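Below are the structure tokens for one structure; questions will follow.
For clarity, chains are labelled A, B, C and D in written order, and residue numbers in each chain start from 1.
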């Protein structure tokens, strides 16, 4: 079987690996700016699908179908993002006689509407956060708030990932919050409808991994905690959650399977919950795709979710039984973004001049870039995921600290420094997490003040190293006039070549 | 390094070693090449560091060490000033890209006289446009980029004399 | 605590990581040719211990003790090889007031003698291969053979790793075999004594990992199969063994613990057995150190042997109970040597011009080299270990095949091609292994004939790529005379710099 | 590649692409740089390859692709012969190191006349000494190494005219 991967970056590389390990050929796709990216060179075949802008390439459904046809691919895996939760594309894939690697299109469509998903949960007795249907106006939102009490959250019906979401803590704040949510919903998801939700304060984000097949098998593979978020964007995840014991895990799993079962779910998916400090949990939504953070579940449960998703799509029965799925140890994931935490998380596209990945026991890096890669201006800033596993959470945190000393990316700024700083934050190391914690930490003071608290000897060493390099290179700079420029030119050339030969000490 | 820190540094070669004076403190170190853009720094106390370096412009380097990034400008073969990662502080003559991006438009040509604050060009990064202006008055000696070109952070865009 | 690591290469890097994850500082040591190797730059501190030759550096006991003193180290970890099983060094470390991270020196000494170790095994009823004590001459060896029957193995008393070991299949062969074993024993281990052993044909090499502490805890962590050997040198290992079921595992474990218990073993160690096709097993010897192949046990049992060894040495009680140690999945290890399998495994020192490590799910690389590293002429040729884990052996083999497509080392030859070839060998994939299998395979025909059976399209692509590069670089070559050489020189310089900037496509 | 294979290859640049003729078969490919010593080869059928390359001498390259290693010699700007990994086959004028090692001794000096098979120098690798001899008669034009020097496999040691 030949499988087209309708995505880019680290998830496309991940899926190429899954295909290869299953003995399937992979077809990669690329926009003009991605031509030499790892996901293109890793695939067995690669096809250009258009210019840089996503809507002209990775979101261009017809071109992607054509690429599958021209390469003789028999199936399509969407990864996450882009077209992964686009029911229309899933239908187009199947209508084109190709296998869609994911849940049934009508299930994607049904669960794609937050309000419909909440209805499904209610219908099987799974608790949901008190919320409204789509509201006509701010007045209706105030009425809802009067009922459930402030604070309330105003959300775009089509929203997600923090976009189209606003908090109102009093009647006074509703007007603007409603307008903002509506306009963002319109801008990002072409849908201005807004609904309201009771806001649970200091909740944990807990999600349950589910897997189903067309033979009636449906299991959950434990939970992940994704409470560390910056502006509703996950930046760090772990498995298991410190807040979930075996009993709660069983209850969360049962709730997730109830929702999935009633809609005839199959393939991989994630059921998201809010876990209140009180211990009660509320259904949030279902992500009908392979999740960014799936590797931590793979590490702790010893399964390969990407492979299982492909095998299910090709008709295999799920080889897992609920009773066999037991967690072992603890896994952490850091999302490495091309954002500069020292400058307000400003986007940081550009050329990766130097890249060193950590390795060794319990370390896995899912990377979509390599040394020399140009990080384009055009897509999601995720570069890679650093995943560590160890026998327990404290050991995993120590391993993460070690791995971060080995992970070097130069040429562009990344979020790596953020994780080094988090390891010194008591609430983080103690696991006292909630979805607002990271924004609170970042608002306490500029990140660089924490960064500056680093080893001063290191700072001196850096200055010394910089000065030596500058001096050394300066010895090969033209100093005066053409004649000497020629002479220096030849010297420089020799240096350039001996570097390319990578000679070590004699 | 604390953003924007300035340090007076002087460097002297002593055989294979370097004698580096940072604000009066003398460091005796060795530096050995590992690979293109990679070196190792050896301190007498046994501390070693792998150092990645990138030459951004004729007298301008980016240096990365133990996950920290620094930018260095060379002022004269024997005297250097090391400045923190505030790439926006351009040298007296060079206007550099504050972040990587794509050149949208260039507002000046070589030979033009410019006044302080005069727009030189517009740079776009991840959908945001940034106007790059002259820090002081002068004459445009060279324009090193063209519209549509992608530039690295710190790359020299325009040289003003 | 500050810990000196008296070793180099991948195992030194492994131990630096273990120290860092436990919150200890590490002290690396290096000879003149190793100054910029990863194990030096990874350590918190590094000390020069002499010129390239091992006996003047990594085997120089006094210099290493002095390095520990000068850096304030409180403990010494020897890794494997070099001084790891040198009882004299272990005693010197302790006499110097430092902690020796390993078994008690007297236990190392006792088990260091193969004949004494066999006595220990016999004394606790663990079967050993019929063998003699040290023999005065070839005649005595023939007498022994008459007793147990040919073939017999003549071994140097101090021998190991295939050195000082000769087979005799008839009286006629004994004379020379005896002489060779004696001379090699003298040359490599300064001990010319030789003993004889009944040779078990087509046996598997099965070894049991043990761990003990000074508080009376002693457990085994399952077996490893290391039957794939080239001239008695392990090249590939796996855990668990396809030939060992739970019952046999329990019997092997009990035998290993009986031997270890009676000598008061503590720290990590390995008890080696021969497993005959008949199913009976025979004690071989005890390796009183951390084994090269320890990562496959770590992957399958979810433990960190290197950390446990350090924690035990510092007085901690072993946190493991035998009942909790259950295998999960299957792990494989490939030893990447600087040897050229296409040229009779000729040594291949030199500069690693290009290096790409595999990554992703279930892949761990323990590497002692990086891009630009110079592999010296002076030491063991091991560069790195590729370890893969998956749910079962077939999945692990498929994952290994995938990982090998990602692992690239250019500039020197390595044994990586050998493993790609092994994946197409039926006996290998079926797990029908024995210690003679690899030598048989290699004797069947030149490895390159198998290699040439590779994808012909790939060969064309390589020629095409080579030609393009040559042509491209040729455009920047001086063509005629000095004047043009100058001009070309400047061109070349520009190319060199744009490469250093690693620009991607525009 | 089959050891020692010889192939007649010619290369023509066609815009950004290359037209490579290998023993009569024409391949239209593109080649893009990724990083120092790394490029990507694109074939029209959608197959892509990452290619690592190393320049061993003025007209001599080592190329690695999909875990296979090749050595290439350039004979004239428009005509090339690609030879398999038998680095020992030196070109007509250059004597190269068959494997990496350390130069123990050099037996000839520039200007010396040498006959076929005459020892030129001794190379040591992992304790084994290898004598390097002239393949044919000629005059030593250049000696590029000195005793004690470490050389890469394929590196040019002596040029015989």
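The working rule: contacts are C-beta pairs under 8 Å (C-beta built on N, C-alpha and C of every residue); 3 or more make two chains touch, one makes a residue touch a chain.
These figures come from a predicted structure and were not determined experimentally.
> Return the chain pair with more inter-chain C-beta contacts, choosing between A-B and A-D.
Answer to which pair has more contacts is A-B.
> Could you work out which chain's C-alpha centre is the most distant one from the centre of chain B?
Comparing chain centres, C lies farthest from chain B.
> Centre to centre, by mean C-alpha position, how many angstrom separate chain B and chain D?
39
> In whole angstrom, what separates the CA-based centres of chain A and chain C?
The computed centroid separation for chain A versus chain C comes out at 38 Å.
> Between chain A and chain B, tell me the centre distance in angstrom, where each centre is the average of that chain's C-alpha atoms.
It comes to 33 Å between the two C-alpha centres.
> Averaged over CA atoms, how far is the centre of chain A from the centre of chain D? Could you give it in whole Å?
45
> For chain A, which residues are shared contacts with two or more other chains?
In chain A, residues 35-36, 351, 353, 356, 370-374, 405, 411, 497, 499-505 touch at least two other chains, as defined above.
> At least two partner chains per residue is the criterion; list those residues in chain D.
In chain D, the residues touching two or more other chains are 32-38, 47, 49-50, 54-55, 150, 152.
> Considering the complex alone, what residue numbers of chain D touch chain A?
32-38, 40, 42, 45-50, 54-55, 149-150, 152
> Any idea which chain A residues touch chain B in the complex?
342, 346-351, 353-354, 356, 374, 377, 381, 404-405, 407-408, 410-413, 416-417, 420, 448, 452, 454-455, 457-474, 477, 479, 498-500, 502-505
> Considering the complex alone, what residue numbers of chain C touch chain B?
Against chain B, the touching part of chain C is residues 27, 35-36, 40-41, 43-47, 71, 370-373, 497, 499-501, 506.
> Considering only the defined contacts, which chain A positions touch chain C in the complex?
Of all residues in chain A, those touching chain C are 13-14, 17-18, 20-23, 32-33, 35-36, 42, 295, 298, 302-304, 306, 328-329, 351-353, 356-357, 359-367, 370-374, 390-391, 395, 398-399, 401-402, 405-406, 411, 486, 489-490, 492-493, 496-497, 499-505.
> If we count contacts the way the header does, which residues on chain D are in touch with chain C in the complex?
1-3, 7, 9, 11, 13, 18, 20, 22, 25, 27, 29, 31-39, 41, 43, 47, 49-55, 58-59, 61-70, 72, 74, 77, 80, 82, 85, 99-102, 124-128, 150, 152-153
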